[in-house]
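In what follows, structures are represented as structure tokens.
Next come two complexes, and both contain chain A; in the first it sits with chain B, in the second with chain C.
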Partner chain A sequence: MKDRTRRTFAFYLMVSPWLIVFLLFGLYPMLYGLFLSFTNYYGFNIHHLKFTGFHNYHNVFTDTDAMHALGTTLVVTAFNVPLGVLLGLGLALLLNVKVRGVGVYRTIFYLPSIVPALSSVLMWKFMFSSNDGILNNILKLLHLPEVNWLGYDYATVSLVMMLLWGAGGGVLINLAGLKGIPRELYEAAEIDGASGLSRLTHITLPLMTPVIFFNVIMGIIGSLQIYLQPILLTGTELLARPIEPNYLYFVHAFQQIFAFQRFAYGMALLWILFLIILLLSIVVFVTSKYWVHYETDQEG
Partner chain B sequence: MLSTHMIKGETDHMKKLTLTLSAVTVAATVLAGCGGGDNGENSSAGTNAGTNASANSGTNASSNADSNANTSASGNNAGSKASGEVVTIRTSITDGELSKDQIAEFEKDHPNIKIQLEALDATKLAAELATGDAPDVIRMSGVFDLPGYVIKGIAMDLSDRIANSSVIKSDDLLPIADIYRFDGKTVGTGPIYGLPKDWSNDYAIFYNKKAFDAAGVPLPDSSKPMTWPEVIDLAKKLTIKDGKTVKQYGLSATEWGKTEPNFNNMLQYLLSAGVNMNGDNNGSIDLNKPAAKDYLNMWVQAVKDGIGPNSINNDQTSGGDLFLSDKAAMIIDGYWYSGAIRSNEKSKTHLDDYGMLPTPTAPGGTRVAPTGGATGAIINKETKHPEEAWTFYEWFFGGKPADDRAKTGWGLPVFKSKMDLLPKETAFDKQVNQVLQDELQYTSQYLQTNPYLSSGGWPIFDKYAAPLYFGKSTVEDAITGMTKDANVVITEAMSAAGQ
Partner chain C sequence: MKTAIGDRKGNPVVYVVLVAFSAVFLFPMYLAIINSLSPLMSTAALLPNGFHFENYKLATTMIAFWSYARNSIVICSISLCTSTLVSGLVGYAFARIQAPGRGVLFMIVLSTMMLPGIVTQIPTYILFHKYGLLDTYWPWLFWGLGGNAFFIFLYRQFFSSIPKELEEAARIDGCSIFRTYWNIFLPISLPVVATVSIMTFQGSWGDFMTPFMFLKQDHYPLATALSMISYTANGTKLVIQSVATAAGILLMLPVLATFFLGQRYIVEGIVTTGVKG
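On to the complex of A and B.
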């Protein structure tokens, strides 16, 4: 018991720098934002705020733009997260194979995730472009009809494609997970005559579930907050409005705050997004006991 | 992976901690960053407002250190000149508008003032204004931002200072300078809150003769304005296609983007058509006017016809690039663009191929050549150093930098006496000047913006205009939607302003 107290103390001591910064620059602004969401704050009237109760929250649900944007965001997330997690895992499995020059491949696949969003969007924009864009040139070579990648029909597909390009970002943590699987398990399986596929499904995948779990949670959080990519994909500046199919929830909040100075309303939008993310995270956490395998639990 | 030697109790304990931390991480990631990318500073929006009585707290460590030092040393910054204390004036005027050399020169003459440029975009400025961290001298668009800033109580009244200034002489100011006057209802009257650094007849047309020749179309008469439908028709004739490939476009609507209509451009059309969308006291707007519908119909067809790069043809080349590489025959831009043509590598060797045409009108409308920007600055009412801010302001707007600006031809001066400084050597300069002299007679009217909507008109316009290009909506619905959305913002902003 005493030992545990000591451990807990050590734990909090070690996380305290982060915790203090979080309380000051994370929690305090968050709660201030929560307070403002119940007012008519418009960016300049801080000294004569009026309390408006749940008015802003009520407005979120009657705001067809917000609801439409939420729907689009959930759809984008529904594709982006599973595909991103699978792609990240698949890449990690490939990059875990001992071949010559694997370090180079690892670097190449990781690279997209360190390219700033602005540059990667610009690059994709030209790839999606109809005049000499590489994607349409490929379609032309294949004698397929060219498409308007950034028009109404394909803009969302293009956005998800661009986001998945960064899936290699998960490779780092996936590789760490793969390296953490004890070699003895594979050796034992090999002695028992297990095939490559069954080693994958019976050892690798179950033992990777904590990593997958982490990636899913972080993926959902990140995906629901995407705003820079859709804005810049069809616009040239931050206050530009993306084409309707790419008008995501966070973009809506961003526009309300910075294009229209509806700070209080924007805060309400963001707190509702917080609740949605919390809810989805809880769902994933609760279901995790059915599919996430902790090595220690199995032994215990 | 957790150690296999750990007993279950400890594992559970660790799991709990991990879960707690993860939950906290979830919360932190969602809420702490309203802007996760380039705009990390956005998270401060609406967070510390109210705690900052002082205008200079926050954003910039060095400037704070300076101003704090001043406060403690002299107690009163107004008297810092005499005491030899150094005051830092923060401004969002960009480094392209105020060079290091100019700053060094100013600081040499004014050892008590340090100038600090702060790169600001609209989003960061909104956040800084919200938290009381905005610079002492705030750069802005006279047309779209000034009235709103006056209503919000951000702009300092400079009337007396300008009246008493020996650098900025009131009787030397052109009428366009009045765009920084606002009495709460009408732009152009009331106290003076600032000055434009320069301005232009922003909806004029520049032509590229090479592209006209390629299409075998003669240049239009530059002594009288075309109507907008005439411009669009001309652009159609100037667009050359080889099958599906476009060899040259007729028109670039902006130098940075697509050839599509926009809110600001519509305001010029409405001004020419004599239509005011604003209701009494700017308390609402109504776009349900025939002129607004004509404007949209004309442009939707123009986009469908592909007279320039747009959302339908998905050409990502910018309008300015196309124009300067002879792939667009015309571009909508004001006098300042002559500066771009003079300095661009692609155009400066053959200036005679370019020229300016007067600002087009609405069909049957009056001739107007309003400015669409009049970029300038105000002094932040909350500044801790009004005297030093004014010293800098006076110098930047009326002193040597004003002369330097006029000489480059990247915009028009606001002083009659500085008009002579504009470039007038080449045939191109002369052609542009000749059209300009004519245009100057039509610059006394201002775009009828709504102070409560400020720059929100542009995204609202885009929201309803984009579906039109793809046949997903009708002009009627678009007009209704624009009006509705704008009025939501106007009503809320008015109520927040206590009106």
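On to the complex of A and C.
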């Protein structure tokens, strides 16, 4: 009994740094932000806040900018997540074939995902720039019409292209998943005379569904919160409004908070997005019953 | 051995696809590097044009580049010294010490990984504003002391896989729980320590949003400074793209260097701990 209390004490002592910081700088600000979203806080009235009920939340749905930005964000997510997940999986499948120099390719695919966001934007801006940019020079060489990559028509395409450049980061997790598939399954399939394609569709893909599921969830969470890349790629400075096609939902929240000091409204915007993320994750979770393969003797 | 597609010998098609994708992934970096090394104000080129360092010289002299770099180092050091160690300690407790409430607390750790950082950051900004902590490096110390949910998770996965006998032997020898952690568990977790350190460094080196919120210009790290201050030609608003690109490359170099130094650990760390838990 004495040993048990000693262990409990040690456990709580060891986790206390995390626990205290979580309570003070995680949970408390979160609840404080939730509280502020129900007030009229705009930066100077912290000592005489007025409780406004669901006013801010109501405003989000009547704010055409916010709704339009939400639509754009969902479109970007609808392209970015499936393409990113497929790219990560496809490249991992290629690397999982016993090729020479796997390490080199793996490094090359993974590299863009660790480049600081700012560096990649600076590099891509150089590629996209309309007068004398690299991509346009290439189009010129091929006698194709030049494109205004960061203009109204192509800005979203350019954004997704830049985001997909970093999608190779998913290769590592996918490779880990592929390594976890028992060899015996492939050997048995080989004895049964299964072709490469049927091994892929009957063994590899079903057994990879938990990893795909993880990537889809993380992809959705990440993609709905994109704001730095569009601001840096198509805005002139951090607080400037990027052009319409790249005016994503989080960009709008960022603008409301930092450019217009509408803190309370901004918090309402963020909490609504948080709920949307939660909702989408629940949808993916519920449908996962039908497409994610779980081994029966193991918990998820 | 046959795997999902193709044979051990390697299908030429596979190599063609791999090389093509490698070219696509390397292309932007290649172009940025050769063009940043071109003479000043030259037109964008596809092929190397010698080694000229004018762009780099301007990138480091047009703004207070090195003083921002020093701020970056201060912020990274604070995060490295705190977050790496605390995450290890917390991960160890979650992996090896039985206590009531452990499961619930671990669920909380996992769920904080899902929470958008900005949902807590903006109210934190308002609170720090109230208590006069803005424009200091204190917030980084606080956050660092709390560890990082993902790193706690990595450490826990690693420590969970270590056989129980090791601990029992230590206990028979009369080691306290802390001594066991410090003398036995921490030394064998060096690959994880390396992974976590590199990731911490990369994260805090590249983060420009948090400093933008919490600091003023003099205390900005390099990443924030580069996002706020553009390299404009004298008196105009025209950004000199090649100089900005050179600055972007300079910002990227330390991250790439640490990656190459520790890539073995990172790959191993992610591949062995996996995502299934």
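Criterion: the second predicted complex is superposed on the first by the 270 of 300 C-alpha atoms of A that agree within 3 Å, B and C clash if a C-alpha of one lies under 4 Å from a C-alpha of the other, contacts with A are read in each partner's own complex, and residues count from 1 in each chain.
In this text, contacts are C-beta pairs under 8 Å (C-beta built on N, C-alpha and C of every residue); 3 or more make two chains touch, one makes a residue touch a chain.
Computed from a prediction, not measured in an experiment: that's the story for all the values here.
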Side-by-side fit of chain B and chain C on chain A, or clash: clash
Which of chain B and chain C A:Gln255 touches, first, second, both or neither: first
Partner chain(s) touched by A:Trp165 [first = chain B, second = chain C, both, neither]: second
Chain B versus chain C as contact partner of A:Leu150, first or second or both or neither: first
First (chain B), second (chain C), both or neither touched by A:Met267: both
Partner chain(s) touched by A:Thr209 [first = chain B, second = chain C, both, neither]: neither
Stretch of chain C penetrating chain B in the combined three-chain arrangement, among 112-120, 184-192 or 256-264: 112-120
Shared chain A surface residues [contacts with chain B and with chain C]: 11, 15, 22, 25-26, 28-30, 32-33, 36, 41, 46, 117-118, 125-126, 129, 133, 177, 180, 210, 221, 225, 228, 236-238, 253, 257, 263, 266-267, 270-271, 273-274, 277, 281
Footprint of chain B on chain A - complex, ascending: 4, 11, 15, 22, 25-30, 32-33, 36, 40-48, 50, 117-118, 125-126, 128-131, 133, 148-152, 177, 180-181, 207, 210, 217, 221-222, 224-225, 227-228, 234, 236-241, 243-244, 253-255, 257-267, 270-271, 273-274, 277-278, 281, 285, 294-297, 299-300
Contact set on chain A toward chain C in their complex: 7-8, 10-12, 14-15, 17-22, 24-26, 28-30, 32-33, 36, 41, 46, 91, 93-100, 105-109, 111-112, 114-127, 129, 132-134, 137-138, 165, 168, 172-173, 175-180, 183, 186, 190, 196-197, 199-200, 203-204, 210-211, 214, 221, 225, 228, 232, 236-238, 250, 253, 257, 263, 266-267, 270-271, 273-274, 277, 281
Touch list for chain B against partner chain A, complex: 1-4, 6-8, 10-11, 13, 15, 17, 19, 21-24, 26-39, 42-50, 121-123, 126-127, 129-130, 132, 152-154, 245-246, 256-257, 311-318, 454-456, 458-459, 462-463, 466-467, 470, 472, 489, 492-493, 495-498
Chain C residues within the chain A interface of the complex: 1-6, 8, 10-11, 14-15, 17-18, 21-22, 25-26, 28-29, 31-32, 35, 43-44, 46, 86, 89-90, 92-94, 97-100, 102, 105, 108-109, 112, 114-116, 118-124, 126-127, 130, 142-143, 145-147, 152, 177-178, 181, 202, 205-206, 208-209, 212, 223, 226-228, 230, 237, 241-242, 244-245, 247-249, 251-252, 255-256, 259, 263, 266-267, 270-272, 274-276
